[in-house]
Amino acid sequence: MMITFIQTGGTIDKDYPHTSKGWAFEFGEPATKRILEKLNPSFKYDVVTTFQKDSPDITDDDRMSLVALNNKGNSNKFIITHGTDTMFETANFLKKHIGNKLIVITGAMRPERFSNSEAPINLGCAIATANLMDKGVYIAMHGIVKECTAMKRNLTTGKYY
Amino acid sequence: MMITFIQTGGTIDKDYPHTSKGWAFEFGEPATKRILEKLNPSFKYDVVTTFQKDSPDITDDDRMSLVALNNKGNSNKFIITHGTDTMFETANFLKKHIGNKLIVITGAMRPERFSNSEAPINLGCAIATANLMDKGVYIAMHGIVKECTAMKRNLTTGKYY
Amino acid sequence: MMITFIQTGGTIDKDYPHTSKGWAFEFGEPATKRILEKLNPSFKYDVVTTFQKDSPDITDDDRMSLVALNNKGNSNKFIITHGTDTMFETANFLKKHIGNKLIVITGAMRPERFSNSEAPINLGCAIATANLMDKGVYIAMHGIVKECTAMKRNLTTGKYY
Amino acid sequence: MMITFIQTGGTIDKDYPHTSKGWAFEFGEPATKRILEKLNPSFKYDVVTTFQKDSPDITDDDRMSLVALNNKGNSNKFIITHGTDTMFETANFLKKHIGNKLIVITGAMRPERFSNSEAPINLGCAIATANLMDKGVYIAMHGIVKECTAMKRNLTTGKYY
């Protein structure tokens, strides 16, 4: 099995390269790299970055670049880390444009840099989905994994279900 | 969805309650509790302990107590945290005795207490499997999730594949 | 020995209570509480909050409230967690107004919530200073502990020395 | 300032390089290296290993090798990470043999690999002591820093005070 991990930004990848004269809260290296180093996985993978954005700022042009990446090459399993606010928009867009690949969108409520982040658990959910499913667009958040059109979100608590 | 998490011991739950006059490396509270607290999941769950053993010490009587627990009550999805050395033995035993439930066996190469543990990723893999599969006995380790009879292990590296 | 820990804001206490519709990066509970829980110290202590501000926003009125707190009661040893950009201003202000107490100002370059934060090390430096010194205003950062007028900072790297 | 960090074993450096066929709980790389990487200190340092032992196994020959190391070269400040059960013995031995250097002995109740370890706090205490003191043998544990003959330990709780 080969999985391509794609960084698009979002909370999961927020880092804090503070020096002096004010603080910065910026996107850093893909958190997936640090998580996969801990996992020492038996599958093959690569990690690529398409863009680094808060998810409300992602445009359909950005999403089209994701489609292009997913259709290029011969990888068939993709895990996209993504901000939590427009996961549905990206999922539906990809579902419309990509037929025969397996795509899992995940992210985190707290940056992976945080010691209490749930990012490693979510990425585990996405990885298992890549093992078990052949095609379709899935979302994995809050311990729930569903085909994207079946997933819902409580906008008050922010929780997917 | 309702998941029952079962603690049986193994590396994942090793803790270090050192005081004075020598050190102790003992089993502590189920690591699943700490991981699920970070996840804040949208599914319902409970966490139970059947026994706390290094997996080479697990007997078929112990395994029969797991069967009894899984058959009792109306929960249909079980995630068992387990030492890494006899996962196959336990998986095959459960497969023989339990027909219509979904069971995922997972664990960790480093205690969940370690900051570089892969336990949260593995538990994520198990949780996604509980979402996506209806019945059968699965093993989730090293980013690989397979029905237990399809899983293999490299005994030199210790890696499942 | 009794130490009073004072929260004033700054990077060390940045947390990330993200829900939906955008992210928030806000001050949370004093990080000192979580660090002291790990330490299980043999000294007595309390933890109080005077204000929660990025340090460029701290005013002399704020600093006067610190003076008032330090002069009130019979505690003689204070550790103040503080943003890194105006530590000198606060230290000099306290030095001018407080004569016979021991005050250590510390903080962190990365939030204590980060798994790669140096906050626990810095707080350790401050605690040892409270053990070893009787009075005066000290700064503890980057592994350097000095009376505040002897401390310097490289504004390019942000490092104290 | 230049500090020499010396690894001698003990709980602080316990690691868990588990593969298959039983687990191992062994000494690994000096934890000080990982802690100093987080600190990004302004002082100069080196990290050396004299031996890797549980502290009840340390002999006076081992301690003499520490004396030799401390007397060699022109470094004057030493921080020794050490098991918690014979800190007094080592401290008194060094005090007898070394006159004009500053030595701080510290360690941890839980391995530095543990996410709830107090090792970074203790090392911070030791580093501040190296900043503030010129000579003598100190112990830093449980947030208490004292010249070694003034330190005590509660053998029931294991806590230094």
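Each chain carries a letter (A, B, C and D) given by its place in the written order, and its residues are counted from 1.
Just so it is clear, a contact is a pair of C-beta atoms (placed from the backbone, for glycine too) under 8 Å apart; a residue touches a chain by one contact, two chains touch by 3 or more.
The structure displayed is predicted, hence computed values, not measured ones.
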By Cα centroid distance, the chain farthest from chain B is C
Between A-C and A-B, more contacting C-beta pairs sit at A-B
Cα centroid separation between chain B and chain C, in whole Å?
42
At what distance in angstrom does the C-alpha mean of chain C lie from that of chain A?
36
Centroid of chain A to centroid of chain B, CA atoms only: how many Å?
26
Counting only residues that touch at least two other chains, what does the list for chain B look like?
109, 115-116
Per the touch rule above, chain D residues touching chain C in the complex are 1, 35-36, 38-43, 109, 115-118, 120-129, 131-133, 140, 142-146, 159-161
Can you tell me which positions in chain D touch chain B when the two form their complex?
11, 14, 16, 18-23, 25, 54, 56, 84-85, 109-111, 113-116, 153, 155-158
